[in-house]
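So, here come the structures, one by one.
First chain A sits with chain B, and in the next complex the same chain sits with chain C.
== the complex of A and B ==
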């Protein structure tokens, strides 16, 4: 069910330029090392702090644990950050926004799921409005369990992420095999948003309801019928959260 | 509800039709949120701006709706405590107390005196932690005025960390404690805890003047004084409670007016009241409450009587408590105002779950004033006002 991790990280146009010139292509290794070193030691964080875990994230960024010493600064804009920390429960209403903000982050980018809610939905997972883990929408690199995880655990997760980045660049990283007994997922009766095979009428009804809350008298163009709702896809990279033109939506503001 | 007519011209109408607004004006629509560092969670306000002045604000909550009330209908009384912890995640102790007091009232369980003392102390210490977190994030919202704004945040979180250590000693958790049960407490006071409480609270009370000097900065004063005035009529009409109501000049505090725990024995409980109703008044009320809570907690911690910490039988199985029907309402004073729990008993086959559990969150009512207060202020003031309301989205959306 989890989104496949795309391996598009580090596909930098710089490499293509370097490879075009004979002789210069030898420099790619050195450039690569520098880029990896930089990416590893200045993971700027975009905090997707929705609920309680967000408070622990703030505690981690504050004086006692101090994420700053890892070169990690908290940024309020997705365009300036490399690492999204999803801290807190993600609801059906919030998930398209998270996805959109994730799409706005420049490559290479990483994601940490902090807390049981972001991993699996915690005890809210069977509630109608909560998605069972953020990995149904965006690829996750490191999972940090706990309700909430301590700031020290977040720190340990960041170190794991650095290891992973290094291994990935060295070509040594392979996804860990899930044990069959723990790898099984319980499917909810009604398919969740962003999950394949979801009844599109439910999505449409929810969207209509959400859009009807927007009070500005804007003439919405009629929604094209034959096209499938884009949010119903579980595919990473191709999905765009649907938004009617000229209506305000999350993520524009900075 | 009929809209409250405000005397404050020229933009009093929260239901302003934007089409009727001056056609010459340069209107702009801006989204604040749902992911914005200053919204303290996931809260979205659609702002209509004329230049930089807000003419209309439409709040959109619901981005953190987790269906807690529905979830509680499936769980037995003893199982609900850890669930409601997650509502107001800045003051979880008070959430636990609210539901457990409702259950005790419904089931007729007596709480021993020691447990009531402990609850009062925990509530007051939690109030200190909550107000500290508010102070830090509020200073950060105001931003550049205070040396990047993060210095007060760093100091406040340092003190809050020491309070979390106290709770960790008592319950084993930094937050989401699950330390209250129906009829009492789960964890007794460990040895040497009282001395630690004294030490921590003494250190914090010595540092409060430091924050005050930092926040008496002229820029801070100019960004808060006269900004976001909520007058007493509007506050009462919208159901604001807690520091927001007291900052508007209404002398109302459930700890004194409808005492629970052992607050009826505290004859000298000082209730902080300010009359201006602006952001500065809210800040002053909260800082006064900080001092008062520290005083109460330090006064009570020496006088905790000996005895059992839990009344009735120990909880051996989740479905132990049963009630066939009836309804109760319990309201307590949290750092944000009146947290009410309305319980209709008699759910489930055995009557061991609530039929309906309604939580009345103070933050939801605080956010109700957004369409009334935002118009007429500039965009940067909106952030200051929202910060001063201290909303916790976990309990707004539940």
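== the complex of A and C ==
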């Protein structure tokens, strides 16, 4: 039975009563520590392994890097799990299913986005059928970058999740997780169309290829006409002539 | 041994196409590399004839979309939009032989479904309907297979934008 407790106050009068008994607050603190220890060392995993990161997840669950050391065993049902590991590309068709399974997990629940596809969609990001990261559907607690991350990285992510659980259960602030930034972009080996330094033979070959695929003809912008060489009269006569070299690249910048 | 068997099958396939299904050429002349072009009306009859002659394994079908192409000069006529459906069958046993043919469709034409001939054609044709948008007439259950049920459009058409949004997921 679902109970909506959103408008209720949690300052129960029982707490005021409990605080008057000497030593009882100490006992609740100790119980809370035991509960935190238990929660940290029994993170049962619901593996949402949709692609190759799932293989690395299996390696992490196997005997070399043993997830069972920290009490993490995989369950086939979301109702018995505390932690969802999203390991793989999530497609538009899969996303509602993932959300539904996440909603079936009991609180408190945690989510790890494992691998660059689950974090941001990676190189499938712009494709019509892939969602750009699982955090558009469900909240993520720990991001583990890598393509795929190796089992040791998954283990490091689990340890980081333990720290976070400690902080949350103690009521302390923990920094919000953000998608990891690599800080570097990979330049394409072949220069793109209309980019400086591009070989014109490549352009011609690609246009030929496009035509042979029966694609519509490409309308390239007209080639700018070369500026006439400044004569001695123009230099002497007009005042705007010195302003021309100020925009050496033809005034494309606005 | 298996090579001669294969050759016999290939010759039988060529003779069948030339005798009954209107493919031009000498009865045993080689077929074009990209497969013979068969008329739309003959598609199902050809599959039935091949099944009776021993090609009992339905391998795959693949549909391709060709958008309308304007002529190179302004005076040239525009090539209209069309589809091509290629079908692949195999014979079973030693010296297995691959039989394949193409069917060309205009934009508003449908093609006969092969589900009543080969049960394995069911999901293959559903996939091609889903991704390319070819209508297989007589298919008992022509629903989307790969894309979500509420998807609009057919993403493997050549004029489909690759970054089409789909709320609320992307």
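The definition used in the following text is that the second predicted complex is superposed on the first by the 144 of 254 C-alpha atoms of A that agree within 3 Å, B and C clash if a C-alpha of one lies under 4 Å from a C-alpha of the other, contacts with A are read in each partner's own complex, and residues count from 1 in each chain.
One rule holds in what follows: a residue touches a chain if its C-beta (ideal position, glycine included) is under 8 Å from a C-beta of that chain, and two chains touch if they have at least 3 such contacts.
Values in this document were obtained by computation on a predicted structure and should not be read as measured data.
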**OP:** Considering only the touch criterion stated at the top, classify A:136 as touching first (chain B), second (chain C), both, or neither.
**Re:** second
Subject >> Contact breadth on chain A, by residue count: chain C or chain B >> reply: B
Original post:
First (chain B), second (chain C), both or neither: which does A:62 touch?
Top reply: first
Subject >> Touched partner set for A:145, first chain B, second chain C, both or neither >> reply: neither
Subject >> chain B versus chain C as contact partner of A:127, first or second or both or neither >> reply: both
**OP:** Could you say whether A:89 touches chain B, chain C, both of them, or neither, answering first, second, both or neither?
**Re:** first
Original post:
Following superposition on chain A, which residues of chain A contact chain B and also contact chain C?
Top reply: 93, 127-130, 214-217
Subject >> chain A-facing residues of chain B, complex >> reply: 18-19, 29-37, 41-42, 44, 46, 58, 60, 62-67, 70-71, 83, 86, 89-90, 133, 136-137, 153-155, 157-158, 160-161, 164, 174-176, 393-394
Original post:
Within the complex, which stretch of chain A touches chain C?
Top reply: 92-93, 95-96, 126-132, 136-137, 214-217
**OP:** In the complex, go through chain A and note every residue touching chain B.
**Re:** 47-52, 54-56, 58-59, 62-64, 76, 88-89, 91, 93-94, 97-98, 101, 123-124, 127-130, 147-148, 150, 213-217, 248-253
Original post:
Quick one: in the complex, what on chain C touches chain A?
Top reply: 66-67, 69-70, 72, 79, 146-148, 155, 158, 160-164, 166, 168-170
